[in-house]
Amino acid sequence: MRKDRLKVAVMGGGSSYTPELIEGFIKHHREFPVRDIYLVDIEEGRSKLETVGALANRMIGKAGVPIRVHTTFNRREAIEGADFVTTQMRIGMLDARSRDEKIPLKYGLIGQETTGAGGFAKALRTIPVILDIAKEMEELAPDAFMINFTNPAGIVTEAVLKYANIRTMGLCNLPIGIKMQIAKLCGVDVSEVTIEMAGINHLTWTTRIAVSGIDITADVLNKAAGASGLTMKNIPDFGWDAEFLRSLGALPCSYHRYYYMKDLVFEEMNKAFLEKGTTRADDVRRVETELFELYKDPNLAVKPPQLQQRGGAYYSEAAVNLMTSIYNDKKDIQTVNVRNNGILPFLPDEVSVEVNCVIDAQGAHPVQIGTPIAPQIRGLMQVVKAYEELTVKAAAEGDYSAGLQALTLHPLIGSAKLAKQVLDEIIDANIRYLPQFR
Amino acid sequence: MRKDRLKVAVMGGGSSYTPELIEGFIKHHREFPVRDIYLVDIEEGRSKLETVGALANRMIGKAGVPIRVHTTFNRREAIEGADFVTTQMRIGMLDARSRDEKIPLKYGLIGQETTGAGGFAKALRTIPVILDIAKEMEELAPDAFMINFTNPAGIVTEAVLKYANIRTMGLCNLPIGIKMQIAKLCGVDVSEVTIEMAGINHLTWTTRIAVSGIDITADVLNKAAGASGLTMKNIPDFGWDAEFLRSLGALPCSYHRYYYMKDLVFEEMNKAFLEKGTTRADDVRRVETELFELYKDPNLAVKPPQLQQRGGAYYSEAAVNLMTSIYNDKKDIQTVNVRNNGILPFLPDEVSVEVNCVIDAQGAHPVQIGTPIAPQIRGLMQVVKAYEELTVKAAAEGDYSAGLQALTLHPLIGSAKLAKQVLDEIIDANIRYLPQFR
Amino acid sequence: MRKDRLKVAVMGGGSSYTPELIEGFIKHHREFPVRDIYLVDIEEGRSKLETVGALANRMIGKAGVPIRVHTTFNRREAIEGADFVTTQMRIGMLDARSRDEKIPLKYGLIGQETTGAGGFAKALRTIPVILDIAKEMEELAPDAFMINFTNPAGIVTEAVLKYANIRTMGLCNLPIGIKMQIAKLCGVDVSEVTIEMAGINHLTWTTRIAVSGIDITADVLNKAAGASGLTMKNIPDFGWDAEFLRSLGALPCSYHRYYYMKDLVFEEMNKAFLEKGTTRADDVRRVETELFELYKDPNLAVKPPQLQQRGGAYYSEAAVNLMTSIYNDKKDIQTVNVRNNGILPFLPDEVSVEVNCVIDAQGAHPVQIGTPIAPQIRGLMQVVKAYEELTVKAAAEGDYSAGLQALTLHPLIGSAKLAKQVLDEIIDANIRYLPQFR
Amino acid sequence: MRKDRLKVAVMGGGSSYTPELIEGFIKHHREFPVRDIYLVDIEEGRSKLETVGALANRMIGKAGVPIRVHTTFNRREAIEGADFVTTQMRIGMLDARSRDEKIPLKYGLIGQETTGAGGFAKALRTIPVILDIAKEMEELAPDAFMINFTNPAGIVTEAVLKYANIRTMGLCNLPIGIKMQIAKLCGVDVSEVTIEMAGINHLTWTTRIAVSGIDITADVLNKAAGASGLTMKNIPDFGWDAEFLRSLGALPCSYHRYYYMKDLVFEEMNKAFLEKGTTRADDVRRVETELFELYKDPNLAVKPPQLQQRGGAYYSEAAVNLMTSIYNDKKDIQTVNVRNNGILPFLPDEVSVEVNCVIDAQGAHPVQIGTPIAPQIRGLMQVVKAYEELTVKAAAEGDYSAGLQALTLHPLIGSAKLAKQVLDEIIDANIRYLPQFR
C-alpha cells in the first residue's frame, strides 16, 4: 500500500525560494504527507542554508504540522530512500549568473539566464551536477521522482532523460503563470481557464484557450495585444502587436520577446547595462540579500511577502501540485517537461518537451495537441530544440564541437565567428565548474 | 454561457436498450440537464418505438425529473438544434444480423456481428445511414456531438471522421466492462482501477493496469489465466492460457478470442448452429421479444432487471458518463474511439483508434501510451485496421474492389477465393440496404 | 586505391548451387577480379564440398581465368581479409527441410521452406550460425560485405542488421525472376523492363512496371490474370484471378499464393503428401543426388544444364551483379534486403525490407517508392513483418515467448493453441541445431 | 513508342542565359532530339528576345542540327503539346532585383536575390506567374515536365507541387558546381566524384563525399577549410574555418555564408553599397548590357565565352543532363528539387527538398540519405523550410499574415517589427507585380 510518510530531498535547499516551497508543503500537508524534508547545499552556502533551515523550522512549528526539516551537506544521506528529489540549485551562484548576462552583451548579444549564450553557460555548469545526483538516485532512491526546477529546465531535464535511468520531470512556473495572466485578462477565476500548451521550456505557445469549456482563443489574442502584465518578473514588459498576435495564431510566452523582439530587448538590456553597469543578477543579489536579512529575523515564521517580488511566483504552487498529484494518482492535467515520444511529431522522440500531461502515480502522460501547429511555431521550436540537443551533448559529454554548433545555430547568435568567441570566453570564465571541459 | 437545457436525439430510439439510456439520463440529471429527448426510428419500428417511448415517459414521471420524451419518425426534427446525437440503430434489424452470422458459417468462417465477414456486412448497411445523419447534423446541428454506439463502432466512427465534418466519438461498453472485470478479479472497487488501453474497437489490449497507483499488470495477467468472467455476454468464455498471456504482455479483450482462438470459436459456433439451426441473433430476438412484452406493462416504470441479460451492460453508464464529461468540461479519462492523429504512431493518422482520452468540452484528447507496444500487438492491430480502412472505403463509396481486398485481408478469412464468394453473397442478401452498390 | 585481387568466402560452399556461382565469377571476371574463392563447409558436408571444389577447379581451368579455389572447414581462415562473404548454407541439411515441411502439415498448416512455421524453424536453426559468422567478420574482415542468400533471407538479414556490426545485404532471385517473367509476358527484352518493388523478402509487390519508360502496370495486371509462368520452381502455378489482381493494384510475387490462396495451396500440398508421403525436400534431395553424380564426372568442366531445374534460377546472376556493382561503384538499381530506415514509413526503421536500391561502393541506398501503398498491401506486409521481428528475437535470444507470439500472429497459423503445439514440436525436432533453446 | 521529335518551351526565353541552353541542346542533340524550341517572353522584353532568338538561330545553323527556334509572346502557343517547359524568367527584371537587394539593407539586413527578404520578394512576384504557366500546362501539355530554374527555385517548385497538378522539378546549378569544386580541390576528374546532398535549395549540405567509391568526407572537410573557390560567382568568397567545418561534419554550400557568416557578409555588402551606391543587380545589368551587345553581332554563332562570367556556370549542363535522363529513362543520379515525401523525415511530406534522385522517364525518385543528419544541420534546415512554407502560402494565396510570420521567422531577419516594416515596403514597391495582394 501507499506510503504515508514521505521523504523529500531539496537540492539547493539554501535557496531564497525555499520558504515558498515550505509554505506549499504546509498548506498541502493533508493531501501530501511529507514527514522529512532534507535541505541539501554545499559548504559555500552554509550560512544561507542555516538561515533558511531555521526559518523553515519556525514556519513548520507555527503551522503545527508533523514535518521534520533537516539541513545537510551530505547529498547521499538526503537522497537515500527519498520519494521526491527536487532541484533548485544554482551552480556558481549569482556571480556565475552575472557573468552569463555580461559576456554575451560584449558581443552584441542578449545575455539572459536561460536563453541564448547565458542559458548555454548555465547548462554547461548545471548538467554535470544534475547527472551526479541522478546517478545517486539510481543507486539510493531508484523509485523516486526527480522534480527539476533548475534552469534551463528543459535542457537539464533532457540531459537526465538521455543520460540517466530515473523518473524525472522538469517543472516551470511559466505555464501556471500564463493561466493566471489569462484569468486576469478575462476577468474570470483561474479554475475556469483551460489552456493547451505546446512547446519546449521557456518557448511555449498557448494554442487554445477556453473558459468554462468555451473556446475564446481568438478573443484572448485580441485582448492580449498591447496588454501589459503578460510577462514574468525578469522580462521587459513590451506589449505584443495585435496584427502579429493574430497572424501568429497562438499566445506566445513571455520569453518569446527574446526572439520576436530581440532587437528591442537587446537595446533595452544594453542601455541599462551601459548606464548602470549592472544586469538582472545584480538586482537579484540585492533582493536576495534583503530577503536573507528578513529570514534571519527570529520572529519571522511565515513566508515574507517580499519573496513574491523575487520572480518565482507560483513556484511553490506548481511544485506541490505536481508532487501531490503524483502521490494521489490524481489524473489531473499539468504542463510539465517530459520525453517527447511523438507528442510533437516534428521533434525527435528522445527530447524534452513542455506540454499538457495527465499526472498520475506512474508519472506524466502527455495529451495530444488538438490544434494543428502552424509553420511559424514549428520552425522556431525546431531550431531552438536542435540547439538544446547540441547543448545537452556538449554539457554531458564535454563535446566542444557540439557546443560550437549549438551557439552557431541559436537564433540569438547565428554566426560561427561570434559563437566561437563567446564559447571560448564562457568555458574560460566557468572552467572551475566545468569538469567535462577540463 | 453554457446551455442549461439540453436536447438529445437518439437514432434507433425504439431499441430495447433505450430504457438503460433513460435510466442514465434520470440518474445524472443534475449534472447533465437534458430537457428534451427525441427517440427517432423508422416506420417499420413504429410499434417498438411507441412501446419504448411510453415506458420512458413512465420512468421519467416516476423519477419526477423535468425531461420530455418525444418519439418521431422525422429525423430532421430530432436533429435540429440537438446538443448530442446518439446512434444505436440496427439497419435491417435482427433478420440482417441473423444473415450476417449464418452466411460466413457456410464457408467455414466465423460469423459474428462486429468482426469478420459479419461485421463487414453490418458496416456496409450502416455507414450510408450514418453518413446521412452526419450530413443532416452538418446542416441542422453543426456544433452537436455524435456519440456513436452502432457497431462496428470503430469502422462507423472512422467513416464519419473521413466523410463528414462534425464532432464525433465512437463509444463501446467494452473498456468499462474490462475495468469492472479487473476490479472483480482483484477484489477492489472499480474506482481504484486505472487501465491504459491501446487498440481499435473490439481489438483493444490493456497494456497497463494499476490499482491505487501501483502497477499490477503482471499480477493481473497471472490471475487472468484460465479465469472465467473475462468476457462479454455474446462471446464464448474460453479461458486464456497462462503462458500465452504472459508472452503477450498485455490483457486481450474478449473479442480477441475470435482471433487467437479462432479454431475453437468456429468449432463451438458451428456445432451450435448445426445442432440448433440458430445463431446468437435468434437468441437475441427471443430476449428482445420478452423484453418488449415486459416494456408494455403499464405498471412498469423502471428499467427491468432482465435488460441486464441483453448484453449491453454498462452501456448507459458509458454513454451518460461521456456526455456528462463533455457538458461539464470534466477533463477525466475515458476510453473512446477518435481520430488517431499519431497517438498510435504505427497506424495512419486519419483512422479511428480506441484509446484513453481526456474528455472536455472540446471533445476527446488522446493520452500518450506509456508502454511500448510489442510487435505481436502492433502487427494484429495493423492488419485489422487496414481491413477496416478498406471496409470504410467500400461502404462509403460502394467500392467493390475495396470490399474484395478487405475480406481477403481479414485474418478470419484470408483467402481471395472465399473473400469473393462471401462478398458476393453478402451484397446479394443485403442489396435492399446497400444503395451504394445498386 | 581500389583492390584488384578480391577474396570471396562462400559459406555453405558444398552446395549444389556453387557451380552456378562459379560460372558467374568466371563470366564477370574482368569487371570483378576475384582472385581467391574459399568454399567453406562443415565436416558432414566433406564429400559434397570436395566434389564441388573439384568441379569448380575444372570450370576455372577450362575458362582460363586466374582464380584460385580453396575448400576448407576452417571458417576463420576463409573469412580473414575477405572482401565478400556469401552465405548459402542449409543448417541441418535436407533432412531438416523435410521436417520443416512435414510438421506443419500434421496440424493442418502449410509446410514451406521459408514461409509460415517451416520458415520459422529454418530461421531458428540458421540465425545462430549467421551471427557467429558475422561476429567473425567483425573481427577478421570488418570492411567486407556479407551477401546473404540463406533463407529466410529477410529474417536472417534482419538478425545481422540488429545483432551485428557489419555491412550486409540480403539477396533473393525473386526480383530478377519477376523482371524476367514480365519481359516474357510482354514480349520485350528484360533490359527494357523497369519495376518498382515494395515489400519484404518473399512478400514483395511490384507496384509499377514500365517498358522503355512507359508505365504499363495496368496492362501487365490484365495480362497476368490467369497466366502461367508467373512463379518459381517450387510454388504451385495457380493463376491469379483478373478481378483480384485489378483490385490489388500491384503484381503479387509467387509466394503470395501461400497467403491469398492458402486454402488451395494447403489442399494441393496435403494431397500430394498423403498420396506420395513426400514433400518438396524429397524432390530436391533426388535432384541433388543426381546433380552430384553429374558433378563427379571428371570430364564435366561447365555448369550442367540440369542445375537450371533446381530452382535457383538467376541466382548467380543476381549475386555477381550485386558484388560487381559494389566493387565498381556502379550506382545501378537492384532490389535487395536492407535496413528500412523509413523507406517504407509504415514499418519500423530497424527492420529489413526488400526494395529497389542504388548500389554503390558504400552499399545499397533505397530509392523512395513513388506509388502510394494501398491498405491491402500495407496491412499484410505489416503483420508478416511483425511476425518476422518476433522470429528474429526468438532465434537470436532464444526467447520462447517471442516464438509463441510469432507463430500465433502469422497469417498461416493464427491460433494460439496451434502455435504452441507447432512451436514445441519444432524445438523438439531441431534441438540439436538450437543452442539458444538448450 | 517514345517520341523522336521533342518540343521545348523556354519561359523567359529572352534571357542572357539562353545561348548557354541552346549550346546544350546542340551538344546533346543525338541523345535528346529537340525539334522545336519556343522562346517565350513578354512585350517589354521584345528587343532582348529578338536578339537572343537570332543568335540561337545562327548557333543552330552553324552546328547544322535540325532544330527550329521560335520566338513568341504567345505563351499558350509555346506550351501546347510541349514535352518540356523550362522556366528562367525574372518578373520585374533587374530593376526589381535591385530593389530586392536594396530594401533590406536599409533595415540592416542582408539583401540577396534568393535568400532572406530579397528572395521573399522575388517569390511573391514569381509564384503567381509560375502558377499561371502550370495551369496552362495542365490544360495544354498535361504530360510535360516543368523544369524550373527560376529562383528561389525551391520555393517556386514547392508552390507548383502544392497548387498545381503537373510533373515538375526544380533545378539549380549549385549541386553540379559543388561536385566540380570538390573535383578541383582533390585533383580528380569530376566523373570520379560521388556526393550525397541533403537539404533544400540554396541550403544543401554535402554529407558524404567519395572518390572512386572511397569515402573521403573527412579529408575534404580538412582541405576545404580556408580554401578559396568554394563558392558561386555572386557570393563573397570567405573561407570556412577548419574547426567549424569539422564540427559541422558536412560541407556547407556557398549560400550558407549568408547564415553562418551573416555579420561578415552584411558588413561587406553594406560597405560596398555605401561606397558605390550599387548592388549585385547593377553589376549584372552592366554584364547583361555587354552580353547583349555581343549577341547582336551578326557574325557571332557560338556562345560567347563572356557568358561564363555571368554566374550561371553549368546551368546548361545541369538542364540538358536532366532532360536527357528523363527522355532516355537513364536512371542516373542527379540532385534536384522534388516533393519530400519522407526522404528527409524531419521535414513535412509535402514540401520541396533538394536531394539525390534517380532520374527516369517517370521523373525523379529520391534516394535515401545514408548519413545521419546532425542536429546542427536539421535545425537550420527546419527553420528555413518553415519560412519557405509560409512564403509559398503568402505568395500563392496573397496571405499577408503568412508573409509577416515568414519574415519574422527567417534567421536573417528574426524580429517581428523589422519583418513588418520590410514586408510593407516590399509589397508597396512591387505592387505592380503582386496581383494576389491587390
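Which chain is which? They are A, B, C and D, in the order written, and residues in each are numbered from 1.
Note that in this section a contact is a pair of C-beta atoms (placed from the backbone, for glycine too) under 8 Å apart; a residue touches a chain by one contact, two chains touch by 3 or more.
Just so it is clear, the model here is predicted, and its values are computed rather than measured.
Identification of common neighbours of subunit A and subunit D yields an empty set.
Distance from the centre of subunit A peaks at C, each centre being the average of the chain's Cα atoms. Rounded to whole angstrom, the centroid-to-centroid distance between subunit A and subunit B, based on C-alpha atoms, equals 45 Å. In whole angstrom, the spacing between the mean C-alpha positions of subunit A and subunit C is 56. Residue positions of subunit C with contacts to 2 or more other chains are absent. Because contacts link each chain to exactly two others and close back on themselves, their graph is best described as a ring. Per the contact rule defined earlier, chains pair up in contact as A-B, A-D, B-C, C-D. Interface residues of subunit D, counted against subunit A in their complex, comprise 241, 243-244, 246-248, 259-264, 346, 348, 374-376, 378-380, 382-387, 389-390, 400-402, 404-406, 408-409, 411, 414-418, 420.
Subunit C meets subunit D in the complex at residues 1-2, 194, 208, 210, 212-215, 328-329, 331-333, 341-343, 345, 358, 360-363, 365-368, 370.
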